[in-house]
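Across the two complexes that follow, chain A remains constant while its partner is chain B and subsequently chain C.
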Partner chain A sequence: MADALRRIGPFASRAAPLFWLVVTVAFTFLGLLAITFVIGRVVPIDPVLAVVGDRASRETYEAARLAMGLDDPMIVQFARYVLDVVQGDLGRSVGTGRPVAEDLARVFPATLEMATLGIIIGVVVGVPMGVIAAARQGTWIDQVIRVLGLAGYAIPAFWLGLVGLVIFYAKFRLVGGPGRIDIFMDGMVPVRTGLLLIDSLIAGDMRAFRSAFSHIVLPATILGFFSLAYIARMTRSFMLEQLGQEYIITARVKGAPERVIIWRHAFRPIRVQLITVIGLSYAGLLEGSVMIETVFSWPGIGNYLTTALLNADMNAVLGATLVIGAVFIGINKGSDLLYRLLDPRARA
Partner chain B sequence: MSLLRVENLRVRFPTDQGEVEVVKGLSIDLGRERLGIVGESGSGKSMTGRALMGLIGPPGRVTADRLEFDGIDLRGLSESGFRKLRGARMSMVMQDPKFSLNPVIRIGEQIGEALQFHQRLPARARRRAVMEVLEAVRINDPERVYRLYPHEVSGGMGQRVMIAMMVVLQPDLMIADEPTSALDVSVRATVLEILDDLVRRRGMGLILISHDLDMVARWCDRILVMYAGKVVEECAAGDLHAATHPYTRGLLASVPQLNETRTRLPVLDRDAIGAGT
Partner chain C sequence: MNVLSRDWLLSEDPETRAQAKLGQFYRVVRALSRNPLAMVGLAIIIALLLVAAFASWIAPYSPFEGSLQNRLQPPSVAHWMGTDELGRDIYSRVIHGARITLMIVLLVAVIAAPLGLIVGAVSGYFGGWVDRVLMGVTDVFLSMPRLILALAFVAALGPGIENAVIAIAITAWPVYARIARAETLTFRTAEFIAAVQMQGASHARVIWRHVIPLCLSSTIVRVTLDMAGIILTAAGLGFLGLGAQPPMPEWGAMISRGRAFILDQWWVATMPGFAIVIVSLGFCLFGDGLRDVLDPKQKVKS
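Moving on, here comes the complex of A and B:
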């Protein structure tokens, strides 16, 4: 069918790749909706009971059930769910009493801000570390980097968070404490993007920016450390694989200096693999690190989702799951596009 | 004056079972001629090539009583010393262009690199030199090939690109390590012809490493037969049929003939030729 469609006029043009991108994203998203819908039906939480309370009479219960459309065939219910979601209606959260979409618009940027800073640290530090470790395999630099990588796996996030707070906040006052901004400035910055660092810059409020920065720097660095450990380890093993390739010998035979061998001949081919690794760890960070968000009282999506789960707040759980799923789809598609840019073999 | 003088070259690698010697006292005296090194897999022929280029790093060890390239002592030559020689004065064509060309760098850029490492040339002059060398390996539309990636060309074309890359600086010595064994039979002759033509015209010394007796006999002046890390036979290409060593005799006997009547080819008697010594 795809081939048949491809041949029809408008899609045979240059816009075709874009068209197929939209189609695949839409279908993946529909699949995601189906999964969240099914989860919403199979969990042993009665949505009617959640509305009417457990003291309601049989008649009230039945009336509510009908009113909520739970009597309709599954497919109708699913269609209604899809339509609601497409219109941005994710239902109301029992926990906060606000529409879930509104809640998510508030908590997701908090996580986005921290995760983005974290992944930037992870890439900027982790990639060169991995490359250097591979180039100097077996030396003390390699050992130090490997121990750091191991630490990134072994140290629990909450411990690092607490110790970080004790040292840098409580003892030396170098960074801000828990929360996104100092308490007296909370809510003072007009919300534009939801990202405090950017909003405070837009507002031209440097004091708020400094405060927000001092609050985010520690949790973001800790997140960055964890992704750095992973990224450095993967970069190192990708590089070692590359350095064993024949074309590395070709480059040597041509008289290439070591720097060129490492950064051009070995590093260029691994960029595609690195994008996968970086994309996945960014997506992982965007899920919200519950530990870090809890330790730092960060009002992010991890915190929100956990609270919702504990309160059996199904609309909130499904809404947050949907956002996280959409993030994964977005990052995957983004990586696909980057592959094509960076690897000539991936351009059809 | 000879281009390359090697006496008692040894290459060793440490293993869990002790040190393994893969090249055991090889000697070559090479002028600007074409020398063939033949032998089976593991006979040490590729290791010899790599040792000459200084490509055997730790934990491998290379020793020799004499290892001179155009009067330069290669023993203990620093990495930066080798770097000046490689590409510019000695170069090596490898087996399979599928693996020996970098998949994410355009062909023109990969050839241009060799120039870049050794000469300060303005970009335009470099580009012109690349076009010329592409033409020299009989690529008809260098402009197009310049912009291609290695996966977009055939094996034969890839190997021509490889040769272009290795002759662009007009080296004195070329080592060709199984340059045609990954290619289709139909393009082998062309590739060898191009290589041979360049070697003769530019007066280069050539070491052709192969397991193909016929091919080496046809394209070389002199032949070394290696077995288990040692040279077991050395003769002029024309005298190969008169070889005396049992290993060489065995190899010759197992070459299939066009008007073959044998149903089985003879198998080498490795005990008789002293396997592993």
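Moving on, here comes the complex of A and C:
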């Protein structure tokens, strides 16, 4: 197929990589749908029994089975499932009684808010740390990053969340407890964007903003810690690679000040590489928030997913899996694309 | 020459295959022992093995029975990690939990690593459409969030430790497939492969006897490095109530039980966490050291 495209002409050959990217992304999404479909249909939970109950007569059972289209070939069922999902129909949740898509749209902003604050912390602290560690190799800050990197691999996020709650909430009362906002202010801020920090600012309610901030700061910092460990480590190794290049020696010989060499010469070329790293860890944070949300009773998609898991609410489980998976894939492929567009070396 | 002497082991022209293998092994061990952090990691792993093997002798109390008069006691000389809500000694439970953690880690490695190895080796060896299809599937799995996928699988299979192992293994193999394929591609057209093929060896024999053995070391390195992640995922599943079920003393499940008392009796939830951190750290450190020795290419990159 690639050969055929190449033969069509110069335009096609330039568009070919983009074409293949679209194909891979589409294939990946289809794969995600296939996985959730298989989990939902082939596993030993009878979807008919879930609807009619286990005391239904044989006839009712058969009628329901036919009505649900479960006697169709698997491939037809899969096609119907894909069509449903594309049209935004994820089925109804047994737990909340509402359509899953509606539930997810309601809880998603809470997760987005926490993960975004987390990645901001990770980037703002992690990138300069990595740069400095590379510039002063072997000093204490270099060691700190090694330890942080190891800690990021070895510490369970949910446990760190609990320890954080014990220390900063129970012991020193520095931050708010579980939840998004103090209980007496819950639901008082008019919902505009669903992001509580922004909504309370729009409403001009500083008390609500302070409360929301004191609740989000601990979970977001813990999420940020995990991304910062990764971002700092990657920044350090990218920087070391650049600092070993000959043009850096040239700049040194010319007598450029160290600050200029580090930030202008060495840092600039790695910015594009960092986009991929930041994209990856942002996607990772969405996943990590599942555990953190459970610990902090944060009403986001992770909490929704774990609640549904414990209630065997399969539509909700699969819907949440699908949305998290899709966002994860979207961010990954998006940062990949951005990398290709911005880096002249990748374009050639 | 004196068998098993240093010179015999390090001989540049070994006389038998066994001598070559022992020599290689000795070189790896020697290089590893020069890395203090890797030795710390190894010590932790050996400690884990010993604790798991002799849990019943090491633990001062029963992991399942306690007395309710003793419930939620803070750490003391008698119970130096305190007691939980049923009066059970947390230290004894953490010790017995080592068995569960070790079992999960080993089972996942035994299921996922061979699966990934075979998929990767077959894919790289045949190339063409086989490669495209197998790697397409692998990439789909790779671009999925692992924890979420494992959660969904456990939700479908039902909670329990066996299903948790299966779910983690399903999400763990693609990495090994990628590594094995990359490794295979480097020697796919090498002369020794062509030589075996011309002697009439079947594809299965070439893959099994000549391709897979060469992919082993990089896969082993990766599995060791992944152990920490597997432990964290298993503990996470246990924490969410989807992994090991009570009264099993699984560390994640213990943390989950302790959550209810976290604000007043902090030790119930935090103590098992230290065990998780130490063991994961052990695998991380040892894996890093092993990588530096067995797979020096990787070191340059990261």
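The rule we apply is simple: the second predicted complex is superposed on the first by the 290 of 348 C-alpha atoms of A that agree within 3 Å, B and C clash if a C-alpha of one lies under 4 Å from a C-alpha of the other, contacts with A are read in each partner's own complex, and residues count from 1 in each chain.
To be clear about the criterion, a residue touches a chain if its C-beta (ideal position, glycine included) is under 8 Å from a C-beta of that chain, and two chains touch if they have at least 3 such contacts.
Only a predicted model underlies this, so the values are computations on that prediction, with no experimental measurement involved.
Chemist: In the overlaid three-chain picture, which partner chain does A:Gln273 touch, first (chain B) or second (chain C), both, or neither?
Modeler: After superposing on A, A:Gln273 lies clear of both chain B and chain C.
Chemist: Quick one: classify A:Tyr247 as touching chain B (first), chain C (second), both or neither.
Modeler: first
Chemist: Look at the residues of chain A and decide whether chain B or chain C touches more of them.
Modeler: The larger set of chain A residues in touch belongs to C.
Chemist: Sort out for me which residues of chain C touch chain A in the complex.
Modeler: Chain C reaches chain A through residues 136-137, 139-141, 143-149, 151-157, 228-229, 232, 235-236, 239-242, 252, 255, 258-259, 262-264, 266, 269-270, 273, 276-277, 280-281, 284-285, 301-302.
Chemist: Give every residue of chain B touching chain A within the complex, in rising order.
Modeler: Listed in rising order, the residues are 53, 55, 83-88, 91-92, 94-96, 99-105, 113-114, 117-118, 149, 151-152, 162, 165-166.
Chemist: In the complex formed with chain C, which residues of chain A make contact?
Modeler: The touching residues are 24, 27-28, 31-32, 35-36, 39-40, 43, 45, 150, 153-159, 162-163, 165-166, 169-170, 233, 237, 283-284, 286-288, 290-291, 294-295, 305-306, 308-310, 312, 314, 317-318, 321, 324-325, 328-329, 332-333.
Chemist: In their complex, what parts of chain A are in touch with chain B?
Modeler: 245-247, 249-257, 260, 264-265, 268-269, 342-345
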